[in-house]
Amino acid sequence: MEEIEVHELKRVEMKEPILIEGLPGVGNVGKLVAEHMIHELHAERIIEIYSWHFPPQVLVKNDGTVRLCKNEIYAWKSERHNLLILTGDQQSVTNEGHYLIVERLLDIAQQYGVSRIYTLGGYGIGQLVEHQVVLGAANEPELVEEMKRYGVEFREEEPGGSIVGASGLLLGLGKLRGFPAICLLGLTSGYLVDPKSAQAVLKILCQALDLEIDMQALEDRAEEMERVVERLKEMEQAQMPRRREEELGYIR
Amino acid sequence: MEEIEVHELKRVEMKEPILIEGLPGVGNVGKLVAEHMIHELHAERIIEIYSWHFPPQVLVKNDGTVRLCKNEIYAWKSERHNLLILTGDQQSVTNEGHYLIVERLLDIAQQYGVSRIYTLGGYGIGQLVEHQVVLGAANEPELVEEMKRYGVEFREEEPGGSIVGASGLLLGLGKLRGFPAICLLGLTSGYLVDPKSAQAVLKILCQALDLEIDMQALEDRAEEMERVVERLKEMEQAQMPRRREEELGYIR
Amino acid sequence: MEEIEVHELKRVEMKEPILIEGLPGVGNVGKLVAEHMIHELHAERIIEIYSWHFPPQVLVKNDGTVRLCKNEIYAWKSERHNLLILTGDQQSVTNEGHYLIVERLLDIAQQYGVSRIYTLGGYGIGQLVEHQVVLGAANEPELVEEMKRYGVEFREEEPGGSIVGASGLLLGLGKLRGFPAICLLGLTSGYLVDPKSAQAVLKILCQALDLEIDMQALEDRAEEMERVVERLKEMEQAQMPRRREEELGYIR
Amino acid sequence: MEEIEVHELKRVEMKEPILIEGLPGVGNVGKLVAEHMIHELHAERIIEIYSWHFPPQVLVKNDGTVRLCKNEIYAWKSERHNLLILTGDQQSVTNEGHYLIVERLLDIAQQYGVSRIYTLGGYGIGQLVEHQVVLGAANEPELVEEMKRYGVEFREEEPGGSIVGASGLLLGLGKLRGFPAICLLGLTSGYLVDPKSAQAVLKILCQALDLEIDMQALEDRAEEMERVVERLKEMEQAQMPRRREEELGYIR
């Protein structure tokens, strides 16, 4: 096994595709969006990436079979759109792995002639979010202006100085190779998987891509999550003063 | 010293042997089974594996001499069975070491023409187990069906999404090389070395292999452990409210 | 991407320049001094250093664009002075990265014919500092004597046995290559960014370099910080007995 | 800089020398013995070892100059003895570094034709030691018998299953290369630097080597330490119920 193994399942011809990254992270916002898009668009899995920088474990699927931790790239083409969608089980657990895997992703992006990159994630604020907001960052000033038109907020003091992992490095290392790249971060508590924040991010992404995607499935998950949050609030009022956060945990 | 060193003590001719892995892990279930089999079958040690991914220490034996941390493979042949049994002192302590050592184990498996892999371990539930259960996972759907016939349970939500270490990676990386592989996990508290859980796993393994192994030694250890557990329960009732779990510790 | 990438933005001819290091660290003292000098002298950025030993993240600038974590070297020349000033966002987060990056910095120092190195930092004492003191260390006894003349203190028991990171390794690894090198550490609480300590360090450095630099900006930041400290003291007296230190945190 | 750098300061001809290792560890017992021997015998420093597996820091000496963390080998010859004594500031801070540095030490041992290795350390028992005991381990059964004659104890259950770091690996990796090696561990609390335990270890080592070394300096430090311990006991009785261990800390 090599440090990073790229298994190309199928070669697809694409014209200046747009790469969308949604790997696991805060509130799983990016991953929710990417998986929703893959599902709704019936995108096709074309690449699998394995690495010893992923956790040394397999995931057990519902049918009792297992699979290695991996990242995956899906392709979807319409007359007007050429999309590559990146998602996966995990990000690197080593420092250098983050850099090396993103570099390999950019190699793939170059092969496919990717014209722009969107990275998606959540921005945890440590409390329940009242009003959905999508914060942005980009690797070119023009992209900042462009994104402002879609309602993305760019706050001087936020997103808090740094964007960690693939969502950040695709912008930073991407710039060194000349890829225009934008990061969209949905405000989220950070305690819960957040399909509502994912909806907010997806809406802006769809506007930016001039793409229509049915949101019902995310809507349903958001409602379900809302019920969980309501119950948690009630529990809170019924006073469980200590350890509240611990008990919320990270409900998937 | 190389990153991973394989010392072949003896070359044995084998016909499509079955590889059984029982390295240290939750409740030491896998290791207990492997060591019991090696002992009862008088299996022969044929390979030692050293690596700088193991902890930087030596183990002191009862006679005052020491040995490096290592993994070991034992061979046992009868007319109907060809077994390679893998056990050891430790698993890798680095992330990449897990992957690299399992890859090396698979190299050895290929050399010996291994036809199937069983990995053994424990599945910790955080409380004493009332009824012994063996959970399973496999890297092919047919193996799932086969194992169900021996009473192995495949639960949609368990074994909790992931199997960490060699027991998992032998399935995942094994699949990439075409090895059929099955993981058997005995339910266990996770606090204690659990020979009772090991018995449950061994029973199913013996059925699957159509092999008879005397279980008295495991039975004895299980009874001894039961007495420890009884004492712990009494202590619990005699109220040592805090730090109970800490005091149980990980009794070997 | 290589392990360490040195991007030379501009080649400047220099005569036996002096290298001044001010990377992030305790009280951010070194970085404050380096950035103040770069700003006041209008020094020119000539080198950027990227590495997978830096944290895997990008920093978001005020205009919404991002940049990779990096170290930077600035050049400034006058008739009497040739300075290279090293600063950056981060130091290595891996053990070996510290050594490898400093070695690369020394390669650059050799290319430029650096004649002496000053490394700058803070020495945290865990309480507010009443009287500004600058502690020193050097990699040659003559330098110790020289620095004493500028009021640098060399205490037998301090700076506590060790100097961690680039400020220390530039002296230690520098010695192996024959670079005379001095470390100046401003006493600081360790809880707060400390421009007052930075002033003290800068004063001594200016004396040693026979250089004049306007200190108003540092003075202003120091006064601002003083007000923060006053408020903290009041809060302390108004009794918030527990968690005080946590709440001070590390105010930038 | 290479991963491990061996600087040979002087080449000394030796006849089947004995290598004695005393690096930092529990109670600093091994290091105390090695340094005492070097001092009393006026042994000569012949080798320095640098590595990026040591902590990334320099140590400040009393004269204000610094030096890199390193390991050192000293040589001492008399008519009847040829000794190489290994000590240093630190051991590796990475897992693989432990293995690689010990391998390099064994390379040096081979060059010098080392005939036997003694590794020295402390065995922490978590409470003050009433009666000095030296526990042993070896990599050959004959050595166990030999050491018993000098009063070294070999307990079935101790030293607790494992010996961590160079003191252990020199035995384990040494065995693979055919070096007879013995580990001597002085019982110690683990909280304090323990010159009394070092004395006990040194006495046995001197017997085994048939060597006489003045112990006054160690005796003096032991008495000084005793006074510290007495004071600690008084403080304990004067009731400082909590955080006692923290305050003891690790007094050097």
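Each chain carries a letter (A, B, C and D) given by its place in the written order, and its residues are counted from 1.
In this section, contacts are C-beta pairs under 8 Å (C-beta built on N, C-alpha and C of every residue); 3 or more make two chains touch, one makes a residue touch a chain.
In this text, all values refer to a predicted model and were calculated from it rather than measured experimentally.
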{"item": "Copy pair chain B, chain D: interface residue numbering same or different (half cut)", "value": "different"}
{"item": "Centre-of-Cα separation between chain D and chain B, whole angstrom", "value": "37"}
{"item": "Centre-of-Cα separation between chain D and chain A, whole angstrom", "value": "52"}
{"item": "Shared-contact residues (touching 2 or more other chains) in chain D", "value": "none"}
{"item": "Touching pairs - complete list by chain label", "value": "A-B, A-C, B-D, C-D"}
{"item": "Residue numbers on chain B that touch chain D, as the complex places them", "value": "1, 3, 50, 52-53, 55-60, 62-68, 93-94"}
{"item": "Interfacial residue positions of chain B with respect to chain A in the complex", "value": "92, 95-96, 98-100, 103, 136-141, 144, 154, 156, 158-165, 168-169, 171-173, 175-176, 183"}
